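Beneath this line is the structure, given in structure tokens, with notes to follow.
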């Protein structure tokens, strides 16, 4: 249940080729996150899997069955939309039972399953409300409820949290993770949020312009990004890149070092620079250090807690040597 | 702009708005008043506003003379019938245009609207001949067909604009939930578009209710609606203003009352639809 | 059996509708459905129906304009076989003549009307004049000017001015007959370029300008009726049926101050009164011919007149159809009875004009093209009355339009 | 949504409407076209014969023809101007808070429910009549000469009557559009120092443009075929002052039952209406996309 | 230029008293951030200052002039709305020049100023587009552009970044900060985002139900929150609170310790607990530790980089003693 295979799938809208041939395997029970810049084709890919768009060529199979030609209703997948897409004219109960009604289940069975789902999602008290009377987080749970009652082969989430405020996002993130742990159903999740991708995924798929740049576990991508793009995309604040002489010293065209792997000191260190903007979060401080001889961009340094360094100070930075990433001229990792 | 409105300003606006409202409504008010006058008072000069002998005579004459309820019933059947059938045909069409737009969608829409521009007098004879040969003359069915056809473009167009405002996501969600096309339209689209559909319905009932050319020319005794009822009071030889006013009041009363009750719906639907 | 009857929404017809029970009592197997409509709508509908053989009506109310045209086409059932008791010969000859084509009576007259002068006896007296029984146009003009008192909203004369073949054209055509004008000569050539027409129109316009009410260019029968009833007209030349309205004290402020006279003449031997009869006809091919005939017979019979008289009084009897009615001593008491009869008798649809014409009809020309043509010409006349064009311009475009239409229709070769 | 499934479903679902309208357009239209080439008078059956372009020649050279086109445009334009300007003003007024909003709204909307014949009769006889009408009464009351509307300003009077009937429609649509204007935009403009007038011209009016196009589109369709009001009040006169195309076709086809000429007129009217339509569509097409 | 003083300002909507009497001084050139839970009156306060709402009582003065009765247009303030409130039918150029046009400046001057603003905001290439054709970030810059061309006495921002995606937010945040540095105009900024508040503000105003709970610099609030509310509100992930016996040990009703001030060890430490969910960000790991004898809520611990601790492990937590915050029964800080 829930193994999804894409073979040589392509998609064009008119003349625009959005997805070049793409292969992907998603194992049963996996939590896969798609990330990539805006417009790279994440949603399109999800919609191809869902059957909401036709593939231009290639094959999709779900659980070993060819699904390329199946209409969405027949694929046995459930989707949670960014906007939740709840039925505004139905009560929460009706919303959740809608897929069951469509499947022709009898009323008693419908009720049983709805109650069960509501319990899991803490929605029991809200079953008779309309979506318009719910808070954002509750709505999201209804959307998930509608998806889980059916016991689908897989869940598809398209940026489900992007409409929520920061506090709710954190909560919902935890809830979805727990849901995955308890249901053990395949989940495909699109997000542009670093933290979500890193904390939720079993496997992250990094996309750029419809291409898969790298597939791997979050920490794998964090530690061993295959190329400059992935290195820059994964991690926040983003990795600092240094080219030229300093990179050559490491036998690379470019080297990368994450802000959290740089230590800063007023007295001594490898690279010298001047402090530009510094951002004090209390828990951390992000310092933007201008080191003109290394790179034109400021180098971001993260240091814990509060540091006694100010705008204009001259400082020295020292990278942790084993955390330096090296890339060749084509931007590929050298390991 | 939640700044406090001073009572003085509100009072000024109130007086002004009521003034304008009454001015616009005045012809109707006058008609209603006239319907309670005698024919002689109706043309009296100077005209009297309320200081006349109120009489129900005109109403009783009108009720005696013609079968108001038959006409009324015909009007209801014809306007509601044609609007409902129109909706039945228009909803799927509007669905197609709003949710699966193609290159030609706009052209089709515009073409539909342009069929509305056919001047009825130009095609009366052909239609009359067709109706004669199909036995549709003076039948409600015939009128329902004609009115459905002439109002269909407007219905499609209004629904289209309403549907455009509905997020596609929700229909897609229904599809993911295993709904067939029919289920999608019946359970999801239609209920969501209720305000829009309701105002389309109302607007078209009004248009059909007031349609006078076809309803007059294609009916005789059995299917004649209120427009024919009115036509039997306008300008005979002899004074008729009071009786006409009574008849007019009776003809517009149902739609006015309906309008009154559905005012909110009408305003809301139109906001939601015709204008983003 | 159900028969569908199309009628115009005039008072006499409405009354007939109210008396239907008498008919159904006598003919229990016949049911009657009424379609009552305003004149223009009615005409349009019955014409469409009969011309396309729609078969929606069994009895139609039509006027003297339609009967000759439709009769000639064979669209109407001949009524020559009405029973003896109906007494066809009792019908007024002028009326009967207008409904007969080639010896066949194609419609039975329900009521007939001509036009006459209605005037305010009090105002006439005040002006120091006395109305002769058969006035001339010159007297009318003099009297009108004398009676006019615009300050007090009294206008010496009210005449039709609203554009329309049944409105101003009917009036002015009847008037032109007395001035010696005609629509067409024997070769169907329009005659609007002749002096007689110019005289007619100039006379009409001058008189209206001096002594007519404001807004006359949109006044028809009803507008003038309202004016007269509220005491704003010194004289009103219009249909004889108006007499019963203006003398009805319930509606009219001047009911007891109205006198009647024949429509004026110009000394050329023709008076300016018209002739019209709303009549009942049966379209050929109806499924219910027998029942329809029974109805027509009932509605235009002597007994019907008595029925109305016994229910509503003699003043409300449909006038202008039967000689016997005018011989009835009861009816003679009605103030306008005599004048109506005289007016009707003085009109001759077969020979309406001073010079000979190829057409039938006093205030109309009984050809199909007349309605459209007359509507356009009526618009010109009303424009002249409104002052937007001169009489000459109006006549010039009338001539032009008429020539065009007659050429197109093939009358002028 | 653009899958094969949904595309074919769409084609299937739009077809009833398209077929019906196609039938409605093609059958009478082709008959009309055919008749327009015949010498065909209903009152003279049996004389139908091929007439070529005779009917067209007569219709197009009718002295009233250009007047009719001009009157049609004036009528449509005049009513549009009145209803849109009036509608915007009314919408602004009704959008203010005041007591009895609901009732006033109904009062303003009510004329829309009145049948054209009735409204024309009421206006003509009870208001515009220069002797008995209310306007005349008012004029006399203030010592003025009553104005003879239908004789001296016939087209304007008809425009007034028609506009009265359509004003509610425009008001309704514009009011609802106004209510959908984001209040923050107005606040932003206020912060930017815009006076009330500037806010109206720079913010509200552009916002209403879509609604205004909607009003123009729907009303034009109905206004092109205004007829009852003319028949009842002036019969197209005085002269040709109030003859519009529809009335001209009516005079041709229904007064003298000349089906040939009427059909030719109908065809001409259809062509002209479609020229207007194309012009409108151009304008609307842009505005509707938003 | 730009000194704003609120004295005893109150605001009620009908019966609802949204702002109880409130005093606040904002110095010229300061960057003040309003934070507080949703519905606490942040926007209302901003709108009162802007003049978009009337005060129910109290005085507002701007630059020493009484402004309470002035209409918005006369106050010389510029506001950037959450929704940007761009004029959709005007080009970017027209949008930006609108206030100048309203002020009656001549065309040449308008153009000059617009070009200058566009340059600062990197909008030069977009001047002829309509707002609908811009990305979220660009729109925001237009909104700012419209504000800066006028050289207002102060800028008011109402959650200007909440509509943007994470990456853009970071950029825009920096841009606004830089703008403030270069213009040195007073700015009042409403946000519910921790990071924004901490990094941008000279002074943070914490509001609860229309009350000012605390005013101070970001680090001041972080280090010395005046009460439990401020302590819980400032900092992310939020401070852990412990009541009962453990708190009593510190002579307090409640003690608070931030996740970043706890160290974790498998072998020894002050408090014992079991690891629940752990979230690996690569740069940090957030561990949720259940310590039943201390508190029913899980205690959040942040540790740098990756740690070798898993779900279910027994661990020991040690707070940095000098970072423990103590609160009395009323929730007020004990110092």
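Every chain is named by a letter (A, B, C, D and E) in the order it is written, and numbering of its residues begins at 1.
Keep in mind that, in the parts below, contacts are C-beta pairs under 8 Å (C-beta built on N, C-alpha and C of every residue); 3 or more make two chains touch, one makes a residue touch a chain.
Since the model is a prediction, treat every value here as computed from it, not as a measurement.
Chemist: Going by the stated contact rule, which chains contact chain C and chain D alike?
Modeler: B
Chemist: Check A-D against B-D and say which one is joined by more contacting C-beta pairs.
Modeler: So, comparing the two chain pairs, more contacts are at B-D.
Chemist: Using C-alpha centroids, which chain lies at the maximum separation from chain A?
Modeler: C
Chemist: If you average the CA atoms of chain B and of chain D, how many Å lie between those two points?
Modeler: Taking the average C-alpha coordinate of chain B and of chain D, the gap between them is 16 Å.
Chemist: Based only on mean CA positions, could you tell me how far chain A sits from chain E in angstrom?
Modeler: 26
Chemist: I'd like the Å distance between the centres of chain A and chain B, where a centre is the mean of that chain's Cα atoms.
Modeler: The computed centroid separation for chain A versus chain B comes out at 53 Å.
Chemist: Centroid from C-alpha atoms only, then distance chain B to chain C, rounded to Å. What do you get?
Modeler: Chain centroid spacing, chain B to chain C, equals 38 Å.
Chemist: Would you mind listing the residues of chain D that make contact with two or more other chains?
Modeler: Chain D, residues with two or more chain partners: 1-2, 42, 125, 131-132, 187, 190, 254.
Chemist: Which residues does chain C have that touch at least 2 chains other than itself?
Modeler: 44, 48, 52, 226, 230
Chemist: Which positions in chain B touch two or more other chains at once?
Modeler: Residues 1, 43, 45, 124-125, 129, 172, 231, 234-235 of chain B touch two or more partner chains.
Chemist: In the complex of these two chains, what residues of chain D are touching chain C?
Modeler: Residues in contact with chain C: 41-45, 54, 58, 62-64, 124-125, 129-132, 146, 148-152, 154, 231, 233-241, 243, 251-252, 254-258, 261.
Chemist: Mind listing the chain B positions that touch chain C in their complex?
Modeler: Those residues of chain B that touch chain C are 38-40, 43-45, 64-66, 124-125, 128-129, 132, 137-138, 216-217, 220-222, 224, 228, 231-240.
Chemist: Touching residues of chain D toward chain A in the complex: what are they?
Modeler: Counting only chain D, the residues touching chain A are 1-5.
Chemist: Chain A touches which residues of chain B in the complex?
Modeler: 167, 169-170, 172-180, 183, 187-188, 191-192, 194
Chemist: Per the contact definition, I'd like the list of chain A residues that touch chain B in the complex.
Modeler: Its residues touching chain B are 50, 52, 71-74, 77-79, 81-83, 85-90, 98-99, 102-103, 146, 150.
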